[in-house]
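In order of appearance the chains are A, B and C, and numbering begins at 1 in each one.
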């Protein structure tokens, strides 16, 4: 092999290595953005009571846990849970704004975790209106090339009456869905505002590397 | 050609293919993030009544449609429309928070679509204050290497008086800009809260692949 | 060198160039998303008064400037400032939603700038509740492979009492932290709503290229 040939071969090997590293970066960015799209799209479906669309986004064995209402396991049970929520009909607002993602793709590129905040405005004409917030700690899974929600876990941090404001008190968490029993009890025992609770973080501090 | 040479040639061809695929991924991620920047920047201009800055972001033949006020076609008409909105002056808040993007870059990388939500707080000191929401279904175009808004379509989903709250009723959509006539009538006939309306989705369900 | 060899060599050189360009794109996307994660994570810490976690995110010589309270220089001073804020305790909400990023990575990939909006809801049970907004113009620095906040500058644009609404007036900016003196005076002289102020932009209009 000539010197020139050897040098070309080395260049190609270096390129291969570089391309492998780039592939990992590009795939992680693609996954990050796909998950942002996924969770945002989920929110738009929830707003309008499109429960089947929302349920379809879960992995077959995906789980759902909201407030202190226990864990629902598998897409069918998630669907049941969602259909037990209030319908979108004249005089309702059920907006769940999906905000402030912190997304981490696992090294194998097949699973991921995300923290989000849902900023909530719900209202019934002639009834109640409420501001609220949930912090989500979710997990995602790549199945047949498509990202799905494998775990949706919403920690409700506060609800307050629109007419009174949070300085006048919070609304206690609803701990049950009428007519439904969860598959497993709640994973965390907590109460929303005015009590205090810090939803756990799936990540360590990105700078110090220390877990809180 | 030696066996070694043949194998090197194959490696290079495989790399070429891989790099082409990576280029598509990287370009899509770059476009996605540029469009997020673009729409977010648009929102900051709108907040402060910087109408020329906002109009500059449109494609030459870009269109604007807000609420039931018809379609304005071309950057000049968009500029006219925007300048007919209230000025930013002492005692005003005109905040249009740009949230929850669902972005899809078309396969050719030259056009894109995005769903967003504007969460709105407007106020006039000594006058009215309102919370509101628009769902945008926008389109974007890459022109001379720069992403522009080619269609901005805001579906108003609710406005309510800050002082009363949405449980006490919604504010009907304003269907006209004083002194202006649109180039085309509204593309959709709908009313905001308390009526019901689901803004159309530019995308199918990302998991099931079914259109709602 | 045979013609085939020469052509292979050219192909490899072209690939090298292409990969270099891709590396720049992929690194910029990675940085953009890392900074989104960083600022979002900062917000979750602030919500819950986790001041040491928030301070850890700053560069050693990072700066903090909020409202008209002057500039605090260096991570230790930032930490001091943050610890002077109200604690997270029963009956408090201190939510700082981190929204609407406009991120620009500098060409060397070592520094970046970002505009954000914090949409704020704070409340003390039996006391006051307020809606507010800050526009951030922040800077970031890559140190040992990790993005940090090198400048956090929050321009408060409004605060209003939840019980009264912004149409009934704004709350003047707090210009001092009890018991603390800044290292440098404020860089900008302004007042929040109902006065007018447009926080400066770190970027030119992305389409026209003109600075406002």
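Rule of thumb we're sticking to: contacts are C-beta pairs under 8 Å (C-beta built on N, C-alpha and C of every residue); 3 or more make two chains touch, one makes a residue touch a chain.
Since this is a predicted model, take the numbers as computed values, not measurements.
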Interface residue identity across copies chain A, chain C - same or different by half: different
Cα superposition angle of chain B on its copy chain C, in degrees to the nearest 5: 120
CA centroid of chain A to CA centroid of chain C, Å: 23
Shared-contact residues (touching 2 or more other chains) in chain A: 5, 8, 12, 15, 19, 22, 26, 29, 33, 99, 119
Chain C residues within the chain B interface of the complex: 4-5, 8, 11-12, 15, 18-19, 22, 25-26, 28-29, 32-33, 99-104, 115, 117, 119, 131, 133, 135, 157-158, 160, 165-167, 169-170, 193-196, 198, 201, 203, 205-208, 210, 212
Footprint of chain A on chain C - complex, ascending: 1, 5, 8-9, 12, 15-16, 19, 22-23, 26-27, 29-30, 33-34, 36-38, 40-41, 43-45, 48, 50, 53, 56-57, 88-93, 95, 97-99, 119, 121, 123-129, 146-148, 162-163
